[in-house]
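Alright, structures below, take your time with them.
Each of the two complexes below includes subunit A, the first together with subunit B, the second together with subunit C.
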Partner chain A sequence: MAVRSVARTTPYLEKVAVEARYNDVDPVYAETRDIRLFGFVLFLLADCVLFGAFVFAYLYLRTAAPTWPPVVDGKQLPRLDVAFGAMNSIVLFGSGVTMHFALESWKHLKKLAFNFWLVATILLGIGFLAGQAHEYMSAQMTWQGSTFGASFFTLTGLHGFHVFAGVCFLTVLGIQANRGVYTGSKYFGLVAGTLYWHFVDVIWVLLFFLFYLW
Partner chain B sequence: MDVAAHPIEQHEAHDHIHPAPEGFIAKYVFSIDHKVIAIQYFVTGLLFMLIAGSFAELMRIQLWNPKGTFMEYHTFNQMFTMHGTVMVWLVLIPLVTGSLGNLVMPLQIGARDVAFPWLNMLSFWLIPVSGLILFSTFFVGAPSSGWTEYPPISLEQGPGGPLWCLAIIVVGISSTLTGLNFMVTIFKMRAPGMTWTRMPLFTWATFATALINMFATVALSAALLALFFAQVYNVPFFDPARGGSVILYQHMFWFYSHPAVYIFILPAFGVISEVLPTFARKTIFGYKMIAFSSLAIAILGFAVWAHHMFPGGIAPWLQIPFMIITYLIGIPTGIKIFSWMATIWGGRIQFTTPMLYAMAFIGTFSFGGITGVYLACVPVDLHEHGSYFVVAHFHYVVAGGAVTAFFAGFYYWFPKATGRLLSEKMGKVGFWLFMAGLTGTFLPMHWLGLEGMPRRYASYETFAKAFPDAVFWNRFESVSSFLMVAAIALVAVNIIYSIRSGRRAGNNPWGARTLEWMISSPAPYYNFKKIPIVLDRPYDFTQPLPYRNLDEVTDPYPVPSEAVLPRNAAGMGV
Partner chain C sequence: MTAELLERLIACIGSLLVGGTASWQLRNELPLHGLDAQVTKLLLGLMIVGCVLALLASLNVLGAFA
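Here is the complex of A and B:
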């Protein structure tokens, strides 16, 4: 029994030891990068639940309402401006593309290109936030006035907060990368930043569908 | 196949052990050591239990007379609100998942710490912060609409409400981070050879709990964020006049808060699964079934929340599936109960204090579980929901289940945390006091509830006119509840006495077989000098220990000699 058991654990040990040699870390915790990646993905999944709960609230209120958009003071609220929303979405999705290029440039050790694409991502992210601000200012409903407004401002506000946090995150990553925190083989922070940014994009796909298209 | 020739052995030079931090602050206050954090959780949880327990006793004094003249009715409402809030979020979750989970799980899987020690420290320190926010509500008018804070009442109670929301969101973040941390630790940091089906059962239970912690707690944060917006900014999520719905809050709240009861009962199941085989000296019966039923409970637990809302007015076609799924949870739970009974059956039982608590747990928890099955039935629930029957049910599950199992785990693992055994004499007296108090307080609530005594009432004068025996039983409960206070006071005395002059534990005082008992007590900062290799499940008492490198995982235990060795109450910080 014992022999078979050790045999079963052998590939695991080899994998750990090989990774340890490759990354020059404590072999017992050779999986360090792996651990951080897994933890970060779990964090993003938990974040999905936050949006999920508010999306549930929105669906609940929307299906319970007799008309949608709801009627406030005897007047039906107008639908949101799809054209503007679509434009703003393209800005955000574009920033996802530039972020992808930024990470790929880093992997290929092209530092100049990395900086260019990262700055482009940050600028596009700020552009999206500006678009959101314009959208909020020109909205014909209020946070307090109706359930549509409540859901719209809460969900897009949460998303906007995530984009804002992402812009800060990427700025810090840019500074760190230029100060030599990351190398060609160790760049977990950049991977996390990219994942986060794509996550924010994916959430926006759902929100765009729910609020603008549906 | 020789293990010694393996690459991992050749790299031993890299397998360095980090030195323990120096200085009081780094060692005991802002510690990143999971064992110290566990003790911090324990002390904080016990302090909060003192506060929430005194709220409960004040309520019991109020109910001594049917008229209820001891305190104002509004104060009474604040008392039961804060009692529930503090007990659920600041006592049970820190004690059961925070304290036991942190202390035992990394040791059981052969890890040097949890995956993210700094995050672990943050998780702990959010708990006192949340406590401060919560108790600050007493200066501005504490919330008084029950621990569930249903709107519309919770929208009308001044600044106490939003502060309450903030406090619970902070606990929620702490709990989510702990869940994430534990999940990564269990997935990624098990000792070589510890496959999923070789994992100790407490670790399995912790894993199932972490799953709930991660995914349900965020939903609670969302619900309370919505409530916060509704209270502070008048956002119409829960206002029917503007298209909102009060039932929506109940959905969002119970989506977390039903799984929350599994957050404290699943680790309790894990504790029982460790304690019973050790003191019955017999292999656990149905290892895989116990392990997988924890997961089944965690997953089913996400699909039963609306059984708290039957009287609140959800659609009848929704009530039936929720009733049936709730019944289904009885199956994995029953599997566990019968597996535990089969574990003890024919064993060589040692009646130590942890074993007494564990065996009592089987009875008291089953009792609370079965009344839970009654309550899941829609017509019964409609009749009983607002009565003392519900109070009896969940106190049997929480006090008779989670707290009883917590005490089993506490007596069982205290030697591992401190290096000293607790006094068995005091432990046993405390056990009988606790059980007498538990039964005396909560058992009569069943028939009071069936007679129709409403819960959360500061005065039951009208009810007592119809059922004169209610006065006797309420007084009986009030007296009994003080037995539980005595039991918990005795635990505190026992801790203080045993840290100073308890018997030295040695590595493995109970003759248990899981990994945490293979190293010295208290466990050193680095836990394992060398990570052992796991060959099999830990529970088969007829086999030799299923680990390799056992002689190298820890320093040989020094001969206990009180005169030579320095007094070592490591980690207690007292």
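Here is the complex of A and C:
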């Protein structure tokens, strides 16, 4: 009986707690939050267009080639290492999950958990970049040698740059969060960081399919 | 155990773990409203697709060219 009563009142208590948190919000922040969020989503869409241009260039080159990977100097280039690519992909996708946990921890005012998940995200991001560096060093093609190499290094390089920028972004967010820039009701930067990191993950889904699986 | 087998094993277990956790996170996001929640739902959904691709690749179902 008592358990049922608590279960019934818990959503109400949560609502009260959330409202209390939002009542002390800075009015300027409350007014501009949605506009800033919309602007950030537009930025992500613009980034989609950038990747889209390169992806369509790759599709054009690929469909125009008689064989894929193309033949260079009478020798067909080998395919990329699918097993390693899948493992590296999971490292990046795992970082998306940890970043989501970091944001949820912040929303629930658990600062220690937030720091733990944020550091895990940054480390996984660095791990992914290290995996990409290994892939570049072991690749049996060059940027100039073939259309396959050119498109692979350009697209994955552009993505790698985004991951690197994301790692820097998250590091700055972590420093700001620990210096008290964000509060329980004012944390737009953390939302933007999480959306950006998810976006980087999703771009990799497409690249992983195009270069490793197709 | 070869390096490739180890990579496939890590990818397989990792994709199940990450995909499962992302699905749980998506389930928690579903009742939420607002632009950030909607974009998060879309991106989490696509990330789950990525986990499925990685799982199939680790099991040699996709990308089996040899």
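What we mean here is this: the second predicted complex is superposed on the first by the 184 of 214 C-alpha atoms of A that agree within 3 Å, B and C clash if a C-alpha of one lies under 4 Å from a C-alpha of the other, contacts with A are read in each partner's own complex, and residues count from 1 in each chain.
We adopt the following convention: a contact is a pair of C-beta atoms (placed from the backbone, for glycine too) under 8 Å apart; a residue touches a chain by one contact, two chains touch by 3 or more.
All values reported here derive from a predicted model rather than from experimental measurement.
Of the two partner chains, both subunit B and subunit C are touched by A:34. Once chain A of one complex is fitted onto chain A of the other, the partner contacts of A:126 are absent, as it touches neither subunit B nor subunit C. In the overlay built on the shared chain, the residue A:145 is in contact with subunit B alone; subunit C does not reach it. Judged by the touch definition given at the top, the superposed model places A:154 against subunit B, while subunit C stays out of reach. Judged by the touch definition given at the top, the superposed model places A:43 against subunit B, while subunit C stays out of reach.
In the superposition on chain A, A:201 makes contact with subunit C only, while subunit B stays out of contact range.
With both complexes placed on chain A, subunit A has more residues touched by B than by the other of subunit B and subunit C.
With both structures placed on the common chain, the touch criterion links A:100 to subunit C but leaves subunit B unconnected.
By the document's definition of touching, of the two partners only subunit C reaches A:86; subunit B does not. Residues 34, 38 of subunit A lie in contact with subunit B in one complex and with subunit C in the other.
Listing the residues of subunit A that touch subunit B in their complex gives 1-3, 5-10, 12-14, 16-18, 20-21, 25-29, 31, 34-35, 38-39, 42-43, 45-47, 49-50, 52-54, 56-57, 60-61, 64-65, 70, 143-147, 150, 154. Subunit C makes touch with subunit A in their complex at residues 4, 7-8, 10-11, 14-15, 17-19, 21-22, 25, 35-36, 39-40, 43-44, 46-47, 49-51, 53-54, 57-58, 62-65. On the side of subunit B, the complex with subunit A involves touching residues 1, 3, 6-8, 10-11, 14-16, 112, 115-116, 176, 179-181, 183-184, 187-189, 192-193, 195, 214-216, 218-219, 221-223, 226, 229, 233-237, 242-245, 248, 251-252, 255, 531, 533-536, 548. Contact residues of subunit A toward subunit C in the complex are 34, 37-38, 41, 44, 79, 81-87, 89-91, 93-94, 96-97, 100-101, 191, 194-195, 198-199, 201-202, 204-205, 208-209, 212-213.
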